[in-house]
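Take a look at the structures listed below.
Look for subunit A in each of the two complexes below; its partner is subunit B in the first and subunit C in the second.
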Partner chain A sequence: MSFSIKSDVKDAPESGKVATIYLEGELDSLSARLFQKEIEKVAIESPKDLVLDMEKLTFMASAGLRVLIFSKQKIGPSLNIFLVKPQQPIVDTLEHTGLLHSVTVVEKYPA
Partner chain B sequence: MATAKAKTTKAKTKAAPVETAILDKSITDIRIDYYPTHEHEGVKFRRGHAMPFGATTVPNGVNFSISSSAATACTLVLFDRGADKPFVEIPFPDEFRVGDVYCMIVFDLDVERLEYGYRMDGPFAPELGHRFDKSVILSDPYARSLGGRDTWLAEPNWDDVYPYRSRLAFEDFDWENDHPLEYPIEDLVIYEMHVRAFTKHENAKVKNGGTFSAIKQKIKYLKELGVNCIELMPIYEYDEWENSKPNPVTGEMLVNFWGYSTVNFFSPKAGYAATGKFGMQVDELKTVIKELHKNGIEVILDVVFNHTAEGDHRGHTISFRGIDNKTYYMLTPEGYYFNFSGTGNTLNCNNPVVRDMVLDCLRYWAADYHIDGFRFDLAAILGRAQDGSPLSNPPLLESLAYDPILAKCKLIAEAWDAGGLYQVGTFPAYGRWAEWNGKYRDTLRKFLKGDEGQIGEMVQRIQGSPDLYYYRGPTASINFITCHDGFTLYDTFAYNEKHNEANAEDNRDGANDNNSWNCGAEGETDDIEINFLRRKQIKNALAILLVSQGVPMILMGDEMGRTKQGNNNTYCHDNELNWLDWSLLKKNQHLFEFTQSLIRFRKAHPVLRSSTHFTHTDYVGSGYQDISFHGTNAWALDGSPGSRSFAFMLDGEHAKQGAIKDDTIYVAMNMYWEGLSFDLPPLSNGRQWHVFVNTDMPEKEAVNTLGKEPRTDSQSHVLVGPRSVMILVGK
Partner chain C sequence: MNSKTFPGTVESIDLIRHYISEIAQSAGLDKKSSYNLKLAADEIATNIVLYGYEEPGLEGNIEVLDEQTEEALTVIFEDTSAPFDPLARELPDEEDLTKPLEERQIGGLGIFLTVKGVDDFSYERVGEKNRNIFKMLKGRVS
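Moving on to the complex of A and B:
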């Protein structure tokens, strides 16, 4: 299955900039590179919140999870990462690998 | 395929496509020493770094490094994850060899999906120790992760040209502020457990039972129990399919369940990870360790450096045999394998190359996984010379003892091997090594079942075995009555004989000297008295274990009356014989509470956790010796051959060599079949005796609340019931 990604960065009145990345399809090791590039792109804006819209993301390989770690490292520990509607297997993997505590899973942003 | 473009046509390796490389926009910003200089079938590469061994990421590439003392050539073989065939095989140009080390950097690889191996060329001359076979693709001994057995007992592709595939692991795990806990060893209460057996049973009621991740869901339980250290049976990558076969009677698959057969020393077992199928076992294991540390629980690994999964000359070639047979294994003059491990081969631990690998490996686990300590399986082998003879000053053991990275790690030896070398008490310790005290187990079992002539030895064992560890202190003694190998505690008092028929080996396997006693009936019984006695014996055992000097170790499930139905060698059973049935917790709640109370008692009383041996003198002027021994008459130990009872008293003023004031503790043990009255040593300063434990009392009354112990009816004597233990507190 294909993978598509797009992003925008908006100013939020109180919380600073909010970067939203929309992920769709299967995030495997190849598409993880696109994901990383998108992170790098929005990182320039130094967002306070990073929102990953995962509602249409059906699979996330380990490479995708590593990009989540990368985003923390790239933007800094003060970055809040919100995962919007991730599918349960993705949440499980985040849980097993200790990444779940670094993100906030929400039905909708702002939570 | 996600890796660099491969061509199907054979192209000769050619040097320096330099112009192309420099013009490649994507790499114009990298260091000049990371430009490709060579190309083979479209894959770019250059001379690598000899160190570190293994496969490590470098800018825009992966550095591969492997050594062989006798290979004549080496080829790097690269696969996309799970592919039937490699996408490229790159022979190492001779100029890439540094001494015996082949090293190469390959560029533009998809590190997430990469699997790699080697072909080693050289002589096949077993009589000279060489078993090279370039038709076999070999795992890297330094691989940080292995593919091929990603999900427990998922049927592998038996025709795979490369069954155990080396993979990379990444060092981006977020440890936050985690750090090994570095508890003083005398403060540990160790819980020996098997990752899969701990949570696989449906009654465990966890998600992803049998995995690293599931341990997290039981941390609350471990904390409630009070243990502060778990010792994990082997978690290095092993193959559960090794020597597997269907049970001829039941058809059930018999597998390598325990895991004492290493395929790779640096890789955690993927089949133990819920995320193994995604190749994320490294992260999952680290997550569990971090969480355990957060909850005050150390992690010790049971490591198996005495042999590998390659077996003897008839075994499979996986890695070591094909890379450098003569270096990695102890060989007979005829070129066969010494078998001090009882499993076909023996790792040549005191060869300098192997020694370095073991050291590198343990450093890696200590530094990258925050492991708190190691228990070495059949550690006596680690002290054997390359010809198999015992060394008086084994360099490996010395290296481990003095290594700066391992400086705070616990080092624990199983101080014997299958070749007859028994070193309990004499293991080369260098002031660092502790031992599984097999003599503690044997003596306690004999005493508990009422054997004559045990008092003299018991006096030593409860003191931390000064007869064995006089110069090393009580902390050299890991005290245990049961471990994975042998009966559970319940079975020790429910079976006279082993019952190992389930593996269809006609009950030939497993030890015969169990020092067990069935209390009157073999196996399960409805007899109320026998069952009461069994429960009492379990409590007696736990009580003595947890008031002994040294470091107590409890076997998983003994605190809830776990049974293996009289089987003392369940190495191959992936079923209820090994899986912990958590419904026992409800059934035997009193036993759990009893164990929990004793652990609390041990933690509350520093006098039970001395790091030095007793002096049998009063060096603080309290009027009492640090430890004194008694019989039914106070101050008069009866060590005669027919005696089955004794008591000891620990003076609280001598706790931690007088640095801390503790209560005085008196423990009376009567393994005679009738009750005996013990005269109590009088206490000074108006203190009185209180009862903490009386195993002769029914169930919940056997133990009192810590700190709220009731006074004894009499301050001059107590009646200790038949086959019973009493623990009194003087305060």
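Moving on to the complex of A and C:
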């Protein structure tokens, strides 16, 4: 299955910790399990910003949406979620499900 | 009517998705419609595998049928798990969809995306089989 994920957490002195997760390939119900594990891993660091690099993510099923919801519920309502360069069909999915206004779509992070 | 059979296991979900992409391409669907059909098929195949077969510990197949006319592409998934009508469940409504993430219920989004993404989605139980039917109109201006 073509899916890969990696993450890092960096300390930003002024703004708190920033967790970045790079998603590549197709995010379906199976790969969403890996995504959720990665969220659980970075959640330990209590990041203030969660940055999801989606430039190379070509597909996202509802299981991926559920992990987005999970991340906010796990890390806390003050978490800011940034999506870097999501592809149009994924933006459409987020829009149809009303999740788009809970995240910030950016060209790059930090802006 | 073409037909291809996949074992009802998690490994098949990815394969079914790619098979659907091929069907969509050969039917000449545009990019957006192809993606939406692939998404709908993924959601339904996932439900069949995880809740129809895996959870109760059953073995079975998903048979993918497709038929094209000049106007439409119809894809049908047949499986032999317990009767399950995806449309019987209440879909998230406008109020649910505007709730902030932290208050969101986690279920129901897959079926919602399925119904929203295809031109027509229907379900029927015929004999021992569930039939999930996806219809995409061709030549839509998008």
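Just so it is clear, the second predicted complex is superposed on the first by the 110 of 111 C-alpha atoms of A that agree within 3 Å, B and C clash if a C-alpha of one lies under 4 Å from a C-alpha of the other, contacts with A are read in each partner's own complex, and residues count from 1 in each chain.
The working rule: a contact is a pair of C-beta atoms (placed from the backbone, for glycine too) under 8 Å apart; a residue touches a chain by one contact, two chains touch by 3 or more.
Keep in mind that this is a model prediction, so the values were computed, not measured.
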Query raised in the report: On subunit A, do subunit B and subunit C fit together or clash when superposed?
Result: clash
Report task. Classify the contacts of A:44 with the two partner chains as first (subunit B alone), second (subunit C alone), both, or neither. Result -> neither
Query raised in the report: Which partner does A:29 reach: the first (subunit B), the second (subunit C), both, or neither?
Result: both
Requested in this report: Tell me which partner A:97 touches in the superposition: subunit B (first), subunit C (second), both or neither.
Outcome: both
**Report entry** Touching partner for A:12 - first (subunit B), second (subunit C), both, neither
**Finding:** neither
Query raised in the report: So, does A:72 touch the first partner subunit B, the second partner subunit C, both, or neither?
Result: both
Requested in this report: In the overlay, answer first, second, both or neither for which of subunit B and subunit C A:62 touches.
Outcome: both
**Report entry** Common interface residues of subunit A - those touching subunit B in one complex and subunit C in the other
**Finding:** 28-30, 61-63, 65-66, 69-70, 72-73, 92-93, 96-99, 102
Report summary line: The answer for subunit A against subunit C in the complex is residues 1, 26, 28-30, 59, 61-63, 65-66, 68-70, 72-73, 77, 89, 92-93, 96-99, 102
Report task. Within their complex, state which residues of subunit A touch subunit B. Result -> 28-30, 32, 61-63, 65-66, 69-70, 72-73, 92-93, 95-99, 102
Query - subunit C - residues contacting subunit A, complex - result: 10, 13-14, 17, 32, 35-36, 38-39, 42-43, 46, 50, 92, 96-102, 104, 106, 109-110, 112-113, 116
Query raised in the report: Mind pulling up the subunit B residues that touch subunit A in the complex?
Result: 2, 110, 112-113, 170, 172-174, 207-208, 211-213, 273-275, 278-280, 283-284, 286-287, 290-291
